[in-house]
Amino acid sequence: MIALLLRDIRLAMRAGGGFGLGLSFFLIVVVLVPFGVGPQSALLTVIAPGILWLGALLACLLSLDRILALDWEDGSLDLLATSPLPMEGIVSVKALAHWLTTGLPLVAAAPVLGLLLNLSEAGYKWLIISLFLGTPALSVIGTFGAALTVGLKRGGLLLSLLVLPLYVPTLIFGAEVARRGAEGFDVTTPLLMLAGITCGTIALLPFASAAVLRVNLR
Amino acid sequence: MLEVSDLTIARGGIAVLEGVSFTLAPGQVLVVRGPNGIGKTTLLRTVAGLQPPVSGRIAVPPESLVYAGHSDGIKATLTVTENLKFWAEVFGHKDYLTAIEAFNLGPLATRPAGALSAGQKRRLGLARLLVTGRAIWVLDEPTVSLDTEAVAMFVRAVRGHLAAGGMALMATHIDLGLGEAQVLDVAGYRAKPLADHDFDGAFL
Amino acid sequence: MNLNAFWEYANPKKFIQTTDRLLPWFAGLAAVTLVGGLIWGFFFTPEDYRQGSTVKIIYLHVPSALMAINAWLMMLVTSLIWIVRRHHVSALAARAAAPVGMVMTVIALVTGAIWGQPMWGTWWAWDPRLTSFLILFLFYLGYIALWEAIENDDTAADLTSILCLVGSVFALLSRYAVNFWNQGLHQGASLSLDKEENVADVFWYPLLVCMAGFVFLFIALVLMRTRTEIRARRMRALLARERMGA
């Protein structure tokens, strides 16, 4: 398991691995927003938490098809499936590797981008906490979507179509935490819901992903 | 010990082979032959547990089988050593140097696998079998793109594996010079077009 | 009826034979109740003292919303049957129900917008119930797209069944999330089969007839589409067999 995790992280870091791609996309989305809505800093302060969450979500989505498709193409997935690793473990490790190489950098970059969007001072703490709690769910749900579409030639678009509706609860509660935090309100309820969704998806969704992947391999 | 009895297998929901039976005891090698499209790959994938059989029984000790398909599962950006080391760790072993030696990969060890030729990649893919420590090798066209020298390396590796009590089940078209190999010609097991085994039977 | 007898209908041939006899009845019932209910509702009910004649769209809006959700529930049940018992008709019924459910969702959304315009002064508001239906629409879209994208029938059935299962959980979560996110404009009490106080009898009875009409319409459409799917599947099986024989 650890070998697989290390390999995936190493692959992501090497040339052509796509590390930093999500991060750059996040940056570009955030930079483009003021061009679209205008430079008034009061307006930007209001929409900053939502934009940052949405940007992180889209950046995450961008790299989902790499989670399994590359291993599918070069046959690694067949070989992994016949290895001692359980399929549930494989998909969990894949999701973890995706989070470490995509989600975590997004969490780290969010405060810097928050500066660009004039995020209120109280917002930074809750933005980081909500992204830190929420992005693992995005990776796990995304792995499920990637497993569903792994054998398909034009799977990329379908993957987005399947995964985006599943992202709705995470986005709502995550952005709610960031927004309430930025406005100085109590964040307990959405925070607990967000944590609950993340824990629930991490605990249960790998079973669905593994089942789907087994179907796709046969 | 690998025992397959009265196996029916399907590809894309249609039965391709039926009534396939064979046994493989330690030290034995079985070569599967048959024309293209008959279902050799499907048979090997089914034996490897990648897809369920339509009917029949596959008796194989748990955690004893390793599969090598058409693609080698090699990561282009990792070096030869890194690729092998990864598979060794996945299968819970440390030793990958014997495998490097067996397929003469030493001079290539630090090269990224993406820079290898097709034959060299295949050698790396076959070296993977040695690091798994598994007893039953299930190989689909193992000698594609290998030159005669590399084929000899492969045959030596298989013989060594058999001598250590291993088994091998492989589909191949060329004569490897493995005199001891038993041959299973699956052309005789072609599923009859009107057989009622396939999943769509209920719809007809 | 014992359970084994029930599973017999999972045989495609038996299903076609049975529905041959049932389908005209359901189609007829759907036509009678729908025409009757809608005429009753549109022409023989008084106008609401607050909402005027706009209230009459309720006879389309509520039943279609009801069926939009029930269609998904039916898909969930048939998906589970496929996963557990692997009856092909069950998977095909789920496939057949999806577009019907999606159209019901669209009808509910469109009639909602038409009703909302005079009532709330806007075509669209991010009201929780409207938003939930929009999300439900997205789920239908993804589900249907996945069916269409996969060539092998059994693989498609397996994958869509699991998607339906996982999707149901997330759809439910979204419902709560959306409720939490915006408290909304909708009338507080929704319509359920026990009579609500905010709907007077004169509106309630024709509404019940319309709901029954939509249920029959849904059953008739799903049966018809399932038969089509079975025949299409049969055709593919025959073609595949022919190719193999050649």
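Which chain is which? They are A, B and C, in the order written, and residues in each are numbered from 1.
Here is the rule we go by: a contact is a pair of C-beta atoms (placed from the backbone, for glycine too) under 8 Å apart; a residue touches a chain by one contact, two chains touch by 3 or more.
The structure displayed is predicted, hence computed values, not measured ones.
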Most centrally placed chain, judged by C-alpha centres: A
Most distant chain from chain B, judged by the mean position of its C-alpha atoms: C
Centre-of-Cα separation between chain C and chain B, whole angstrom: 48
Mean-CA-position distance for chain B and chain A (Å): 37
Distance from the mean Cα position of chain C to that of chain A, given in whole angstrom: 32
Multi-partner residues of chain C (each touching 2 or more other chains): none
Junction residues of chain A - those touching two or more other chains: 218
Per-residue overlap in chain B, given as positions that touch at least 2 other chains: none
Interface residues, chain C side, partner chain B - complex: 11-13, 88, 151-154, 230, 233-234, 236-238, 240-241, 244-245
Touching residues on chain A, where the partner in the complex is chain B: 2-4, 7, 10-11, 14-17, 71, 73-85, 217-218
Contact footprint of chain A on chain B as seen in their complex: 45, 48-52, 63, 65-78, 82, 86-87, 89-92, 128, 132
Residue ranges of chain B in contact with chain C within the complex: 12-14, 191, 193-194, 198-200, 202-204
Chain C-facing residues of chain A, complex: 144, 148-149, 151-152, 154-155, 158, 161-162, 164-166, 168-169, 172-173, 176, 189-190, 193, 197, 205, 208, 211-212, 215-216, 218
